[in-house]
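Here come two complexes built around subunit A, the first alongside subunit B, the second alongside subunit C.
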Partner chain A sequence: MIAYRLARLAVVLLVVTFLSYVLLNLLPGDPTTQMLGLSATEEARAELRRQLGLDQPLLVRYGAWLGGLLSGDFGTSPITRVPVAEELVERLPVTLELLVAAEVLALGLAVPAGVAAARRAGRALDQALTALGFALLSTPVFVVGVLLILLFAVTWRVLPATGWTPLSVDVGWNLTSVLLPAVTLGCAQMAVYARLLRTDLIATLQEDYITLARARGLSPRRILWRHALRPSAISLVTAVGLNLGALIGGTVIVETLFGLPGVGRLIVDSIFSRDYLTVQGCVVLISVGYVLVNFAVDLVYAAVDPRIRRA
Partner chain B sequence: MLRRLGPAFWIGSAWIAVVLAAGLLADVLPMPRYDETLAGPPQAGPSAAHPLGTDGLGRDVLSRVVHGSRVSLGVGVGAVLLGLLVGAPLGVLAGYRRRAADAVIMAGTDIALAFPALVFALAVVAFAGASLRNVLIVLGVLGAPAWTRLIRGATLSVAQREFVLAARALGARDRRILWREIVPNVTMPAASYAFIGMAVAVVAEGGLAFLGLSVQAPTPTWGGLINEGRAIMENAPHLVLAPSVVMFLTVLSFNLVGDRLRALTAVRESGLEPVRRAAPASLPTAPHAAGDVLLQVADLRTHFVAPHGTVKAVDGVSLTLERGRTLAVVGESGSGKSMLIRSILGLLPAGQVLRGGKVYLEGEDLTAYPPERMRRVLGTRLAAVFQDPMTALNPVRRIGTQLAEPLRVHRGMSRRQARAEAARLLASVGIPDPARTLRRYPHELSGGMRQRVTIAMALSCGPDVLFADEPTTALDVTIQDQVLRLVHRLRGERDMAVLLVSHDLSVVAEWADEVVVMYAGRVVERGPTAEVLERTRMPYTEALLQAVPKLTDPPHRRLRVITGRPPDLAALPSGCAFHPRCPHADPRCATETPPLIPASDPPPAAGPPAAGPPAAGPPADGTPPAHQPPPAADGPPSAVTPSSPAEPRPLAAAVPPSSTAPEHLYACWHPRGAGTAITEGAESHGR
Partner chain C sequence: MRRRTTLLASLALVALTACSGPRPVAGPQAPSSGTASPTAGGRLVYGLSADAAGFNPVTDQFSSQTYSMVGTMVETLVSVDASGAWKPNLAQSVTPNSAADEWTIKLRQGITFSDGTPLTGEVVLANFKAQQASPLTSSVFGPVLSAELADPMSVKVKLRQPWVAFPYHLAAQIGMVLAPASLADPDAAGRAPIGTGPFTLKQYVPDSRMVVTRNPTYWRKGLPYLDEIEFRILPDGQTRAQTLEAGGLDAMGTTRDEDVVKFGALKDSYTVHRPKGMAVAEYMFMLNTAAAPLDDVRVRRALAHATDRAAVIATVRSGLTEEADGPWSKDSPWYDAGGDYPGYDLARATSLVKEVEAEKGPIAFEVLSPPDPSTMAGVELAQDMWRKAGVDVTIRQADQADLINRAVVGDFQATVWTQFSSPDPDGEYVWLHKNYAQPVGSVALNFSRLRDVQLSDALDSGRSNPQPEVRKKDYATVQRRLRELVPFVFVDHLDVGSVIATTRVRGIVDQTLPDGDRRTPLTGAPVPYHPFTQVWVSAK
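Up next, the complex of A and B:
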């Protein structure tokens, strides 16, 4: 089973790297224009292409690049002259911290909200939470971010609008600089999670074993948190894994908006400077991350539901 | 159907229509052009001339927002149509053909999901040129895998339905099935997802535009406007707020319309359904005397307010139960047996429930207890076992945790004490190797073992009354007998009372002291088991008895069934609820509800209603309080149960011939066999 999964994982990654390499290289636009300027002669361009190996057939270049990937060599950006792997290692912690903070905030608020709504399904609190969730879900991430900056950074001046303090420099300032971006990124996730949990909890609360727990005189609070929550968490766990793709798209916007030096920002900058190699490196990193997280999600299932352990 | 959509749908549709119309008519509407600089003073707030103010170059913000809607809505609608065009045929193919096509297509979408879509959109638009056409194509194609998944799911559910399977079996051509059966049924879910997809596409285009990678200036886009306004939002926040609010409302409207459309076909509710007010009203209770018995249920009523009427699940049930005795409640499915137990225990689902009647435990009115006090009674004095042991245990908690919980909560035991007691309880219900079983999960046990666990759990705090709702129906026959024997033995050991719900008359004949027959939420006959089974009065009970197949039946004999079907509890027939199915019914049965009549009285004379039995009370009222059975003897349980409780008792000994035994009552104008025993029916039920 594990071997099958790993094989599948390898195939997915192979296809993803191939498609991303081919697609990006087939697109019009040429790094030599960016490097030498529009006035460069055709000879100078051809010379640079040869130096960069761009005159080789596509498949050969892909093979060489893939071989490098396996040994951890993502190539060196022809634009910035910095090895792509180095750049990624430097920026990854920022993006990871942002992602983790956003997920923690989203889950930390979504679970109590989902439980509260399910417990009073159809009542005023449930209706209010559902409406709020719908509103959050319908607010684009950049709108949330801009509005939060307008409120907290411009009007009240309690949090910085942009900038980043690494965790290693100062923990307090780090948390201050990650707070607004994380809330921005987590808002829509929270709405999704709360809604999923609410729906599944309502279904679980109609199960016989919940009625029997009530028949044993257990308190509603105990039944909700100790009996009903875990069997209702499967969809939530799935969503956490699947939403990662959307969340990474979100980091591109959030990091640009808040000026965070993460992978998302790197993607935007490299795209504007036609830095294919760096974009490809980012795409590989994100795809591997996505596939690995969903691999981990499958393992979490077993922890949530013992019936899955047998399979 | 239109009413079910609710106001949210119409408000959302109206807003979309307004934005769409404004975008289409942007050039002819009376407002400055979007690129006309100094149409008003720069950075001015909202005014009569410029309802949304002006930007840094003095351009009219309203005009720019309206023109921006062309790009947003154009991309939103266009990308969805393109995604559908590419994704839907693949989805239908995968869902209908299954096998290889399905595997290939689904593997493709799996890979597509691992692609960071927005990154690709950015790269493609940046390298290929930021034009409306490119943005639309990229977002459309990137949305296609999601469409394939959704349409495949919808197709799959339709393709498994009977009418499609039937058409395939009849050899209809695939093309015909696809167009006639599949496509129409997939259209509705696809339409609802289309609106949600438009919301996603509008947001995605906004994100590209915000990063400067959508349609380029001077053409305004919503995302671009927000990005522009960001630079000077300190001085002119309206520049950011105006496009933000418009964008929010538009995305919200698409989501609302999509959600409401989905609600038409989906079973699951999203939470936006109109509020149903919980009814605090309760039903009246007929006057009655609280007797000196262990459990007394008096005129209990549970009605549910449903869209199609009031469902009278339990409608005026009275019964009493003494220690050491077993009372069986029998009836067809849907006769209110299970709901009776839930009503007694106060375990009704939340929502519109109307309740009436009283439940007394040793004279204390449980229906007047506040929830917290009731919880102390539940589990310690009243306990329940349900029909299906597969669903009665929490699948994600270990047996030991579940079994120890009531011990710790109600009896304040420590973890170790509770664990030891749990092992002892498991041993007492005949589970081998209790210590190991405690560490197991429910799915690791067989059905019979699980039911023993639920019984152990019910008995853990030493209840006075055990409510067993069809405890053996889901088990196979050999296990059934073991479980019932176990319940019977424990009843004797612990001196409790058992209320046994069953539709199996052979079980009832063997294990119950008294029987209550229910039909349509009411008691139609009750009394000592032998009396009711041998001298059946109510034609419904007679029909139930005759529907039991017998070993003495000749081979190839047709099974006797009760004709017709159980009545709709929301629209009960007038008079006796059984009369449409009763072979002995006459016009009186259709107009008058028979009360419970003591079997010892002469049968009611046919004729005018006034000639009814004098003790029967008003004939229209099916629950005359005058006929509460007198409290049974308070004697030791050994007087009731035979000396060896595990042994099945002969039928004749089921009820001691005593003057204090419960009375045989029935609700019928034309009782069967008054005085003549229907021995054939009863004999076959003793084992």
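Up next, the complex of A and C:
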């Protein structure tokens, strides 16, 4: 089972890194433009291309990078002259914390909202939560971010507008610096999760065994939280795993908006400066993360629904 | 009820956490002076729109943001005063021979780098050699024949040709002097350069912040005023402005006209500093004079005639800027009104287009633009104006790296462009001289590929002639030829790039050079930069 998953991970990595390498190389321009600027001579550019190996065919360069990766070497960025692995280690905690905080906030708000909407399906609260959900889904991330900054930082001055304090420096300030970005990132996810849970919960509440439980006199709260919620959470758990990609995409915007030094910012900067090695490092990191999270989701299925475990 | 109480308690906890403890973005305040006299101490948080690609002036491409950051640690041999004239900085004097083809740079005594190494002629010579060998900066050293030690504190630079504006180049990246330890380890210097500057590096987190702290052994007595500066990297212009409003920043650089308007109206709380004179870059459309249909001067003139500069300024600059008709603004000492720049005249534009179309058929071309919305708005406006004159224009989006690459090899017909902010007109030599124009497909620094003998001769004369009145005449010729040949459709002098600070931040534009002259207040484009040596914070 694990060997099969590892093999699948290797294939995913190979395909994703190759495609991203090819796509990046299809972009016009190369790192020499960023490194030498406007005033460099043709000879200087050609020499730098040779030094960086950019005069080699694409497949040769990809092969060399892959060979390095197999021995644990992500390469060194020609732009910053810093090892890519070092850069990723510096940036990963920021993005990881942002992702976890966004998921926790989204789930923490979506579960009660979904349950409340399902319990009162079709009534005023359900309609209000549905309207709020659609509003959050249809509002772009950057608009949510700007509005939150306007309210919490500019008007009320209770949270910092931008900037990042690492967890290791100050826990309190770390939490305040991650709160607005996490809410911004988690808003749309919250709406999706609440809608999914509401729909599945309404269906579950119409199952025969729920009717039987009611007939046996179990309290509505016990039926809802104990017997209906778990089987209704399968779609939600799946969505959490699948939405990781959307969340990572969102970090690119949120990290830029709030000035957070995470992997999202690194990807954007590296693409603009044609820093192929750093982009490849980020792609590997995200691919591995995505596969691992979905592996974890598979394990959670079994915990949520015993029928899957038995199968 | 209990859940509601828990929720309220959680919110209160969050609020309490937000307001408790020392907030990392705000440091110790300067004591209240109550007067306009500078006060030592304090911490400044300064917002920048982009991080540096590296801090090593020998190996890393510098943007204006990089100059802001590195300028606190590494200093230049020469600086520029408020009148636009070059003045010695680390150098005590910079003296030419009678032909201006040999310059002797004599250094001030008693200057040390922050690691304790003394600044000597030998160190400056080693910096020159490193710059000359660097692919990044070697082209600027083209006219330099050799550099040698004249005495322990002087370096003699021999040139291939007379070059009266040579010292101006020492006020920029190639004039920055690194300590021997930084020259020996370029990678380390890329992250933590050692210089003679008023501050030393305390912390650098890429894409987040750089903190510099006061250099206790700084050679200018009593300076700097500030104890610490934190540069905060905030790429999004709107959130940067909101952070300033929220008190998370003391000052910031911006290119947004809405910031200039908004903070400019709040005079009690903020000061807005905008560049002037030669420091202001021009916003324009650069035309490839070697590619059809823009190789025909009539088409280029038609485009200029069709461009309603006033409408562009009113629409995308909130009416803040001045119309441009050449590379230098009217408040520059080098400005000359000579020549006939094709001003807005749609009828004339249409007539020129018809004339060309009768000979060569329909006129169509592509204009490049970076994909950011504010730049695109200006380009779309121009596209609409040019279409009214009968020219079929399509817009192609190109990110910065692609756009620069295309400009360098001539793979474009027209592109939106910002340039011309050198303190001396000679700084524009390589961008305009015919010797730097190459056919399409070859790397050329003269991107418009205009090969004009009169213009090039005037640039040569301006470079080599020491008489100011002769130089003035030469650069008048340059401006006249640019207006006649229209390799650029000038739009405006882009002085909305500015520094905005809270009123407690003082001294941004009131700084002096080591010999007492007033320093040029702001330099660079699109966001101007300035030194921090004499910036101070008032509690008031």
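Quick note on the criterion: the second predicted complex is superposed on the first by the 307 of 311 C-alpha atoms of A that agree within 3 Å, B and C clash if a C-alpha of one lies under 4 Å from a C-alpha of the other, contacts with A are read in each partner's own complex, and residues count from 1 in each chain.
Please note the rule applied: contacts are C-beta pairs under 8 Å (C-beta built on N, C-alpha and C of every residue); 3 or more make two chains touch, one makes a residue touch a chain.
All values reported here derive from a predicted model rather than from experimental measurement.
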Which of subunit B and subunit C A:D269 touches, first, second, both or neither: second
Touching partner for A:L54 - first (subunit B), second (subunit C), both, neither: neither
First, second, both or neither for A:S219, with subunit B first and subunit C second: first
Touching partner for A:L88 - first (subunit B), second (subunit C), both, neither: neither
First, second, both or neither for A:V158, with subunit B first and subunit C second: second
Of subunit C and subunit B, partner touching more subunit A residues: B
Partner chain(s) touched by A:V115 [first = subunit B, second = subunit C, both, neither]: neither
Partner chain(s) touched by A:L27 [first = subunit B, second = subunit C, both, neither]: both
Partner chain(s) touched by A:G172 [first = subunit B, second = subunit C, both, neither]: second
Which superposed partner A:V291 touches (first subunit B, second subunit C, both, neither): first
Contact residues common to both interfaces of subunit A (with subunit B and with subunit C): 27-29, 142, 146, 149-150, 154, 256-257, 272, 274
Footprint of subunit B on subunit A - complex, ascending: 12, 15-16, 19-20, 23-24, 27-29, 117, 121-124, 126-127, 130-131, 134-135, 137-143, 146-147, 149-150, 154, 195, 198-199, 206-209, 211-219, 222, 226-227, 230-231, 242, 245, 248-249, 252-253, 256-257, 267-268, 271-272, 274, 279, 282-283, 286-287, 290-291, 304-307, 310
Sites on subunit C touched by subunit A in the complex: 14-15, 17-21, 23-25, 51, 53-54, 60-61, 135-136, 138-140, 186-187, 190-191, 205-209, 232-236, 238-240, 242-243, 245-248, 398-402, 404-408, 430, 442-443, 445
Residue numbers on subunit A that touch subunit C, as the complex places them: 27-30, 33-42, 44-45, 47-48, 79-82, 87, 90-91, 142, 145-146, 149-150, 153-154, 157-165, 169-170, 172-173, 175-176, 179, 256-261, 265-266, 269, 272-274
Subunit B residues within the subunit A interface of the complex: 110-111, 113-120, 122-124, 126-129, 199, 203, 206-207, 210-211, 213, 223, 226-227, 229-230, 233-234, 237, 240-241, 244, 247-248, 251-252, 254-256, 259, 268-273, 275-276, 278, 342, 345, 347, 349-351, 374-380, 382-384, 386, 388, 391-397, 405-406, 409-410, 441, 443, 454, 457-458
